[in-house]
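We call the chains A, B, C and D, going by the order they appear; numbering starts again at 1 in every chain.
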Amino acid sequence: MNQRQFAGHVMISLVIAAAIAAGVWSVVRIDSSGEAGNRLGKEFAYELNDYRRIDPAMIGWAEKATIPLKMHEPRVIAVGLDDSVVVAGDKTVCLHKADGTKTGGIALGDEPSCLAVAGRGHVSPGRIYVGLQDHVEVFEPDGEKVAVWKVPDGKRTMLTSIAVGEEEVFVADAGALLVWRYDVHGKLLGSIGKRDESRNIPGFVVPSPYFDVATAPDGLLRVANPGCHRVEAFTVEGDLEASWGKSGMAVEGFCGCCNPSHLAVFADGRVVTSEKGIVRVKLYGGDGVFRNVVVGPETLAPMASEAAPPDVAVNSQGQVLVLDTKASCVRVYQEKSRQ
Amino acid sequence: MDEKEKRLRRRAFLGDSLRVAGALGIGGAMAALAVRKGSDEKLVWQLEPSKCIACGNCATHCVLDESAVKCVHSFSMCGYCDLCTGYFRPQPIALNSGAENQLCPTGAIQRTFVEDPYYEYTIERRLCIGCGKCVKGCNAFGNGSLYLQVQHDRCQNCNECAIAAACPAQAYRRVPASDPYLLKVGPQQG
Amino acid sequence: MMESRDNTVYQLAARMAIVAGGVLIVACALLVYDYARRLAKDPFEAPIYSSLRAALEQQPTNEALKEHFRAVDLELRREFFRQRAFARSGAVLAIVSLAVMLFAWRVAVNARRRPPAPEALDAAVDREAMWTGRARWAVGGVCGVLIMAALYLIINAGLSGAGGRYSLADFVRAGTKAPSPEANQALRRPSNGIGEKRDARDETPPKDAEVAKAWPRFRGPSGLGISAYGNVPERWDAKTGQGIVWKSAVPLPGNNSPVVWGTRVFLSGADKTKREVYCFDADSGKLLWQHTVPGTPPSAARAPKVLDDTGYAAPTMATDGHRAFAIFANGDLAAFSVEGKPAWSKSLGMPENSYGHASSLLVHKNLLLVQLDQGGSSEAKKSRMLALETASGRVVWQVTRPVPNSWSTPIVIHAAGRDQLITAADPWVISYEPASGKEWWRADCLKTDIGPSPAFADGRVYVANENSELSAIQADGQGDVTATHVVWKGEEGMPDTCSPLATKEFVFLLTSFGTLTCYDARKGGVLWAEDLATDFAASPSLVGSRLYLVSKTGKSFLVEPTRKGCKRVAEGDLGERCVTSPAFQDGRIYLRGSTHLYCLGESKH
Amino acid sequence: MRIAWYSGMAVMLLATSTAPAVERFPPPDFSDHELPRTEMPAARAELYEYLDLAVLGIGLGMATHFAIGRRSRRGLFVVTVVCLGWLGFWRGGCICPIGAIQNVSLALFEPGYALPWSVAIVFGLPLVVTLFFGRTFCAAVCPLGAIQELVALRPVKVPLWLDQALGLLAYVYLGLGVIFAATGAAFIICRYDPFVALFRLGGSMNLLVLGASFLVAGVFVGRPYCRYLCPYGAILGLLSKVSKWHAKIPPEECIQCRLCEEACPYGAIREPTVAMQRQTRQQGRRRLAAVLIALPLFVAGGFWLGQALQGPMAKVHPAVRLAERVHAESVGLVSGTTDASEAFRTSGRSLTELDREASAVYAKSYWAGGWFGAWMGLVIGGKLLYLTVRRRRAEYQPDRASCVSCGRCFWYCPSEQARQGWVQLTPGRQ
């Protein structure tokens, strides 16, 4: 073998060795199971963590108790007489005493979508109103079905909330974008909130099936207008009296496309709201001024992908009841300053 | 014909029989496996939107440089929001189509005014790279009307889909080629 | 003529091949460069992009800024797609040039193709035999490589990212038992589990006064070996039955000491295959309940390697009055309600411990604290300190500890206005905030295998061990306090397993061969030493001003120390081997021998 | 494989879940706007499937014709280029018979999986052809072989002993490919296909580098993938040994010129053997006996070692990895979550169900590992047997297992040149 041939062989060996090394290196680096993630830049990542984090100083409430539910998928909650806790879901309504012991249940024909219990001032206190997608069923506390109320023009009907006043019952319809007004016997008296420029009513914007109505101590209704990130106050006749709320991911605003998803009103007029996306429950004054946070995403949606809003209710003790659908329980919150 | 030639011929015959038997065996086995379930339907890869977590692996693990997976919009599920969280960044400065407000890094979503207060959003397929950012935004706050699908004009239908292997949610499966999409559909209007 | 034509063809083709090869190399280099650039420089991560965005967030109404941002954004988007297109065209260019190069090269090779001129072969050499012989060896080599690879995989088989020591088999004993959903729930419902929370509601952490009355952990209420009661028996004798209220057999062996809450005495026992928890009635000695600890994933089926001196149930249990907790050498951790209902159980994984896991448990408020030091060296980063919610077993916090395996039990003290969890290991004595795992301070004081637990008195933490020194550390430091807060050191009478006992005035050390050494707690220095001439494993305890010392043979000594020396007040005999520390209650002492649990006190009859 | 698993999952999903509320929520009632329809591009028409099969069939026929009948290297070259263009660059190299091994294996072990008939043909046809004509599929039809064939420009001789030993790797790869397909863990042969990224002119950088490194090595070591890794090549090699009309080098009488041996880039041509000495023969007999005795031991030992690989084998399956991860997270052995564990937790699937699946894979992996080990024992024993049994050859012959019928040697063979009339043989030159 002459020198040139030898040099050639060395070159070839080196090239082959380099090729083998490169091949092995690349095989080792292949991430076929995707564990290294997508390797896209940070501009391609959707980040809500900054907004999900809540300053602990803002949280003005502490969890006092938990009422476990034996339900697969609880959907809605209401507080009844003597602070009893009523939860609907799994095609049933479950009744609990204030301390959480279960006292009874009512079977339903379909999945409930909203729930309310009549208070002391009502003609028959303790009546349970359950909305099932397109109609309302009325039960006595012992489970006897009293009436079934149909909604006019039920094609687009999607009932999402019921509020019971002393003489009237209000049913929010996310499909028709208005609140139906009934008397206690189920007679339809009219509707509230239809877009009407002459009465200066902008109309409800409800892009997703969360649309809540609640009665307030001042005699006005509080209706969430989620698409506008507002809470609006209507008279029972349908006049828009006031509205408040602003959009924004920051804690004092209503986040995302459409919030608040649920609301509840204390006897002193303060409003508790529940939001989806950044799952948080907050307290606003009767004037709409942000007060503090009841509970934030860390507790309600530890994983960012869990975004459904929990239904909320308040009781006469000044406590907030949050329906945690994932953990299937009711979390009871007490204001820290009142402890 | 002498003894040796006879023996050779016998051997050749034996060999031929064996080969023919082997060929028939291979053919028969393949046929048996192929007709076993009677499923002669061609299958293609698709991803199940209800399992998808929009992790972004679709954008980069496809064997194609420009992934076969792109975003699809279900018009019948959309809320037609003014503030669409699949279109706008989490804290937009204003609700207009200015680049500073848009979520999509490649600007692949178009926003058009329909009527007060509704806006319609459409995906520009050419620009979409399937990163799923808008899907996350829509799922977090909205109705989940934006979702990812394998686009069959691009998909090479690999024997083992590289994205399927890398999918953390194991959302990929094979579907019949005659019905190759797993579309999200809400109730139609009216 | 042919020759020259071939030559021309060769020349032409060779040049073409070279040019195409050059193009190919350039194309590949560009592709690699582009790839690297794409990795390194995402257009959207350009500084101008983020700075403009930040500026816009500051001045959301600045229209000019918006316009500028939009222009930049458009350019960057274009750049993004340009890069993608570049890769595509680069690849096409590379493939085309590769094809051209191959074609030209082939033509060139063909133009010069000559039949090879092989050298003559030696017909007599059996080359077939030669190469097949070598090939057999080579096959053997490949076989060897495969076996090595298989062995490597088998040995390193394990969970990625968890020290590589667990696999699914550890979690799911095929078919034996479905893993408890509790583990999953604990994560799904991080703030609490539901059923558990209901218990937790009517169950506040025990009050300090309740804890002080009980003997809830190794070495008593605060883990310092100090009895809250002065009226305990001084004399007993197993032979005569004098001073023995009752005596009950303990089914399985265990080197853990009894813990007492109210009328219940808890013990654990284990052998190679079984792990059990026992509850005795404090008054009658009746075995109230016993439970086998369920193997929860990834509890290992194989028994851990332990020394006989350690055993499978060396860690002492802990209780908070609601539940009793036990941990075993295989890392199984279980909680039972004091009434005897299993509450939760989990496995912390087989501790990698050369003698067997021995650190005892303790409860602080609503947290169960577990010092799980393991691994032969601190580099392995396997040692952990965990805090679990007593109600659910959920891990509330855990920190990695920079130490190898150790056998000492931590204590919770209150000093410098804060709760401190004091841990001792090689070489660090570390103080943590018990509620969060945040480190307060650490001191480099100890060497080798650390058995004795830390002691505490009058603002100072005392640690000691054979092969190292007795160190008195002022417990009000921050960060590494080795140089600043070690007040004094002592070298004599270092203990091997017996923990130090500290008072305001004295620090006592007891060696395994029976030398009791007394130091001046304030200034350091040995005051006196007394040889008890028998072997010890149990830690000394203090009742009033007297020390109780129990030797391995079961003989006990009651001594009254002074600054000058000590006076032997009384002696007792258990009649069986004893390596555990006594639990002191009102008028009673509970002491575990090798096979029995004794209640010592005024006999009723 | 996942396919079956996925479809099973889908059935369960349909059975248990109710449509989420949001899907029943109606879109706005526009006064004057029609909802657009979402148009999706259709899947590739089935016609192309026939076309691909036709290309495969015609290619095989042409390659066989040129290799065995016409003995034309040029013809083979044309077929090579055409098949590389169509099956490789145009169709992206999928589906190929190499990858089809896994589909067949999955179909054998997973009763719920029906082998697509096109895959059955792609897998079976080259096998049958090889049984009669040798590896003509490798010669020109297989796109992976074709691209390597084209770059084999300056082949060096790999010593035969090394060649034989490295050839074992293909059997390892075959075994692993079959085992992982059978347990439903992965199609590793497809996952690490070195040329698929080149055929598609893009894809992950790692795969491109892998392909490039094979091409660069392939310039000097002829067909490195085919010879040392290709699992399908391993099967074809075995079948080719018993082929009836395998390509021959000298059309008539071999003149022992050694030219073909020098010319073969793949080291497939064996020289004539010399007569053995008596001593060697005795030694050979003893060795043969030893190998025959050792063979069952190899198989048993392989099984024993292989079943111990249960853990690592199972870990290739995503369900096992996921289950381990979820457990490890729940007992605090690892901190944080991964995309996969988070996806699992949000999916609502129970851990018990995941455990059941993972445990099933784990249990299967015992046998999978065992059989893989036994297979390796058999392969190594068989190779030793092959290397121990002495064959007799009077002339230069291709080794039927390694020869891919590329036809390069034809041009060099003086007898062939004479037969084709390229040269006139004169007694003087001979």
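Heads up, the rule we're going with is that contacts are C-beta pairs under 8 Å (C-beta built on N, C-alpha and C of every residue); 3 or more make two chains touch, one makes a residue touch a chain.
Treat the numbers as computed from the prediction; the structure is a model and nothing was measured.
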Need the most distant chain from subunit D, centre defined as the mean of C-alpha atoms. A
More C-beta contacts across B-D or across A-D? B-D
Nearest whole angstrom, what separates the Cα centre of subunit B from the Cα centre of subunit D? 26
Using the average of all C-alpha atoms in each chain as its centre, how far is it in Å between subunit A and subunit D? 54
Please report how many Å separate the Cα centroid of subunit C from that of subunit D, as a whole number. 46
At what distance in angstrom does the C-alpha mean of subunit C lie from that of subunit A? 41
Find every residue in subunit C that makes contact with two or more other chains and list them. 44, 87-88, 188
Where in subunit B do residues touch two or more other chains at once? 53, 55, 57, 61, 65, 79-80, 105, 143, 162, 165, 168
Identify all positions of subunit D at which a residue touches two or more other chains, and write them in rising order. 22, 24-26, 29, 186, 191, 202, 204-205, 207, 212, 318, 321, 338-340, 342, 345-346
If every chain is a node and each touching pair gets an edge, what shape is that graph: line, ring, star, complete or other? complete
Where on subunit B does subunit C make contact in their complex? 65-66, 93-94, 98-100, 105-107, 127
Applying the document's contact rule, which stretches of subunit A touch subunit D when the two form their complex? 9, 12, 15-16, 18-20, 22-23, 25-27, 29-30, 32-35, 37, 111, 113, 133, 156, 158, 174-175, 208-209, 303, 305-306
Contact set on subunit C toward subunit D in their complex: 28, 31, 35, 87-88, 91-92, 95, 98, 102, 105-106, 109, 115-116, 118, 121, 123-129, 131-139, 141-143, 146-147, 150, 153-154, 157-163, 166-169, 171-172, 174-175, 178-179, 181, 183-184, 186-188, 297-298, 346-349, 386, 395, 398
Please output the residues of subunit C touching subunit A within their complex, sorted ascending. 42, 44-45, 188-192, 194-195, 197-198, 201
Considering only the defined contacts, which subunit A positions touch subunit B in the complex? 31-34, 37-40, 43-48, 51, 205, 207-208, 227, 247-250, 255-259, 276-278, 304-305, 307
